[in-house]
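Input: a single structure, listed below in structure tokens.
Here the chain labels run A, B, C and D in written order, and each chain numbers its own residues starting at 1.
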Amino acid sequence: MTLDDVVSEIRNGDTIAIGGSSLSRKPMALVRALARAGRKDLRLVVDVGGPEVDLLLGTGSVAAVRYAFVGFEVMGLAPHFRRARQKGGVDFEEWTEYTIMAGLDATIKRVPFLPTHTGLATDVLNVNRSFKRFNDPFGGEELVAIPAIRPDVALIHVNYADVQGNGVILGDGHVDVLCAKAAKNTYMSCERIISPEELQRYGRDVQVLRVHTAGVVEVPWGAHPTGCAPEYRADLRHMQDYLISCGKVEDWQAYQDRFIYSDHARYLENQGGVEDLVARLKV
Amino acid sequence: MTLDDVVSEIRNGDTIAIGGSSLSRKPMALVRALARAGRKDLRLVVDVGGPEVDLLLGTGSVAAVRYAFVGFEVMGLAPHFRRARQKGGVDFEEWTEYTIMAGLDATIKRVPFLPTHTGLATDVLNVNRSFKRFNDPFGGEELVAIPAIRPDVALIHVNYADVQGNGVILGDGHVDVLCAKAAKNTYMSCERIISPEELQRYGRDVQVLRVHTAGVVEVPWGAHPTGCAPEYRADLRHMQDYLISCGKVEDWQAYQDRFIYSDHARYLENQGGVEDLVARLKV
Amino acid sequence: MPLETPYSVDEFLITTMARQFSGEVLVSSVTAFGALSARLAKMRYAPDIAVLSTPESGMEVLPMPTLTLGQFLTDAQSGIPLSMEEIFDAIFTDHFRIWINPSQIDQFGNTNITCIGDWHQPKVALVGSRGIPEDTSHLSEIFYYILRHDPRSVVEHVDFRSGAGNGEERDHDLGRHGAPTLLVSDLGVFDFTGPGGRMSIRSLHPGVTVEEVQEKSGFEVYVPEDVPITPEPTEDDILIIRSADPLEVRKWESLSGPEAAERFVQVYERERQLLHATWPQLKR
Amino acid sequence: MPLETPYSVDEFLITTMARQFSGEVLVSSVTAFGALSARLAKMRYAPDIAVLSTPESGMEVLPMPTLTLGQFLTDAQSGIPLSMEEIFDAIFTDHFRIWINPSQIDQFGNTNITCIGDWHQPKVALVGSRGIPEDTSHLSEIFYYILRHDPRSVVEHVDFRSGAGNGEERDHDLGRHGAPTLLVSDLGVFDFTGPGGRMSIRSLHPGVTVEEVQEKSGFEVYVPEDVPITPEPTEDDILIIRSADPLEVRKWESLSGPEAAERFVQVYERERQLLHATWPQLKR
């Protein structure tokens, strides 16, 4: 598949779970392709979100976001997220790290909810309209029911994959495996496609199984500007440029033209090219 | 620790979760040490049980068993289990593979239960007194609540461990990790103790984390007569002798004297010694 | 049966089982028949299946007939290591298939591996429901096989429902998730499309009559208008099975008791020798 | 403060934080202060802790101060790879500790990283509760730190409870699981043993007065009879911190805004060069 093939499988209004965490291993090339294709009214589900959510909010592609976190870590707050939260117009719902995982896991286990104490005595329970307090059927404790999250699509980026859709993740899998299992259709970009024989050598680092994936795209630097350990680090310089561009309408327009409304090859060129990325970001 | 040190931490009446599955990687040396020490009224929790449950039933050590399965696979039924089930006197409760996992996971997640559809329209739901039907708090489906299983002790056998209690399992972890996390105290035997540095090389095969273990014992052949891949296969010859010995009281007495009421070193000698085991069972 | 053909009944059954697989699913190979049907399917009928080894849960392996003791053989192939959690997630998300060999199956496709007689005081305690309740509440295809179709195994009502068949309770509690799909026996292929979800003949093996089925079943099996003959194995099917199982492990799956165990001990040792001989070609 | 001593306030705070760890627990090193306190604790005060790297979740690593961007440094150490599921299981089973740096903390130890103002129409949308609700409903020790104790961060009531403090709701819903244990600020160490679970002074840093605390807090902090002085770092503590953080990443954690980001970009590049230099000695 190509990035555009994946995007053609995604419709306006779809619920999309996005893998990675924070500034790590976000499927940014897929995310940019989605924005570039003009998909609208997307309903995002992220655990520890960041650049991917902010970019899609900035391009006006988003109708709703379920999230535990959206930010740029030490680099600061997420500008489009912050603006949209303060201005209104997008349906935000605050969850937490485990409850996003539990909501996905409920779908995987084919149950309507999973129980937890998480959220009790916090205001998350007051602003989250999906959670529900209930009594343990054995008559004891009061608990929180986390409803199943049922994504239409999951987008993840991994280190290596075979053409059949088995994926190798060399670092923390974050919520990628949960996203892949819970979504109706999971699309996976990867740094490199390898043979099934080579893939098997990665043992338990083969974290994504092909029965859970609908398509694979080879996209080197597909997580950029987030990092993809151990291939390359997050590109703080690019993120800094991104954050600055969000300050003024014309700067944001220029950023979009240069980095979003251009295909992945041109995206890399517009960074200064792969050689520069290698020099700055490769371990 | 030694096998006897572990046993000294276990009391009559304790609830004991035992790892491994079927004829694979059961902590048999620990199980024999438990029987040898005369521990009574043990309340066992096993997923796919076999030789370990049958042996402890045969030595009269057991008050209760929660199980999804107890048998010797192609070798046939478990003789002491079968007798005890038919005769009564031990508190058996039939669960299923996932519900044992869910019961342990409920304890780990510190919730009183986990929901599932498993068991509906089967007689497991009619004979299992612990499961409870209830209605999904979101008002939809009828579900089964699987109550938390709270073992006092977990016993598992792994390939390698460091002295701190991190454990390497080279094959399927079966329910070992769930047992280790759910139990108040987890004791782990291993084929070989290795250094923390060597252990780290096993990457994601380090399946048991030291924060979940209370003690480690080095016991080569500690899973025998079950297998411990890839170190050695299950010893069908020994199991065949075991099964035959269960036929007559005096034969069972002889088996116990030879293989249970003797320490692990003598146990191995009484097999014909380690060299014979290597010749017959090593890959 | 008996079939007047150059292939044996086990080869016929394994081929019939292999032909039921389709799509991209994990396939458990927990018995010799399960392993051989998965292997044949992978090679000829359903190339996208991902076969599991047992009991060490490697995925994408070449299944070998090993009487459920595959750990030793599996070591020679690395596979993709899975966990119990992965396997149950594949069951819950309907990406898993398994041929289950029950002790009893009844007219509604309820199945029993737990006990003969009342559970609380069984005449014979068998093994316990294992993962069958999970399969029969979540999978869209549930495959059963029995090697000897007789009124002791094909019964009017199972003594204990380890696996959920058709009926009101299923309709109310589960819907079609996990409903019985097929039974393959030495007499024919049966589905559960008869009145009220009862067992119905899908096809009879060559030479088998409807009368024989009724005689050997503990209830009256529904007979549809059209009763075709089960297609025979091809030359290729038979060659694949034979070359995959040179020790003829498949012949012994129906045995039980102490002599059977003794034979397993023997084949187990031969299996080990065979593996040692083939190790170099399998080892990566 | 200020302290008339040869060590800096960050070294003082990191040492104080390090001294709170005990036992065999996973320790998250998600911020520079978190990483350095974990490293110091591991070396001097709590040798049994198992330190995690971030964001790639290696366990048993030597934590490095990396402004939450440790993936690059972590690659040099293999560690034991964990998953999110492992980490949350460690939280639920109370085998996890973390120093959390909230935007606001109030008199009952409620903490906020979500928003300033009303959630539905925030004056400032911050980041979202992340995993703090999990921590504050399950762990037996909850550690907070803030680098600048002032009435904007130490408030009477938080605008949003991302983390559960003390009070009726906790008593009813959670009991003591996840109750706030300590706050370390640049003024002192505080616990929540005051009336009704309110913030109380456990110790004041050298030179800090009760009056200063009251002035810089958004409410009246409870003052127990005995107010000791927080013990100072030792020579060894300071040397360990300095050698672990030659780029002085710890100095910048309190910065924010575009200039801060620019500095992070710079230190990030120097960090990479440093790693390249030390790689051979770390690589296994």
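Operating definition for what follows: a contact is a pair of C-beta atoms (placed from the backbone, for glycine too) under 8 Å apart; a residue touches a chain by one contact, two chains touch by 3 or more.
Here the structure is a predicted model, which means the values were calculated and not measured.
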item: Which of A-C and B-C has more C-beta contact pairs; value: B-C
item: Where chain A and chain C are represented by their mean Cα positions, the distance between them in whole Å; value: 41
item: Whole-Å gap between the CA centroids of chain C and chain D; value: 56
item: Chain B-chain C separation of Cα centroids, rounded to whole Å; value: 27
item: Junction residues of chain B - those touching two or more other chains; value: 109-110, 117, 203-204
item: Per-residue multi-chain contacts in chain D, two or more chains; value: 81-82, 138, 177
item: Chains that touch, pairwise; value: A-B, A-C, A-D, B-C, B-D
item: Chain D-facing residues of chain A, complex; value: 21-24, 47-48, 67-71, 73-78, 81-82, 85-86, 88, 94, 96-99, 101, 117-124, 126-127, 142, 171-175, 227, 229-230, 233-234, 236-237, 239-240, 243-244, 280, 283
item: Of chain D, residues touching chain B in the complex; value: 24-26, 48, 50, 59-60, 78-82, 86, 89-90, 92-93, 95, 138, 177, 284
item: Contacting residues of chain B [partner chain A, same complex]; value: 109-117, 132, 134, 136-138, 140-141, 143, 145, 147, 203-205
item: Residue ranges of chain C in contact with chain B within the complex; value: 55-57, 67-69, 71-72, 74-75, 81-85, 88, 91, 114-115, 119-134, 136-138, 160-165, 167, 169-170, 173-174, 177, 253, 256-258, 260-262, 264-265, 268-269, 272, 275
item: Chain B residues touching chain D - in the complex, by the definition given at the top; value: 108-110, 164, 166, 181, 196-197, 199-201, 203-204, 206, 209-212
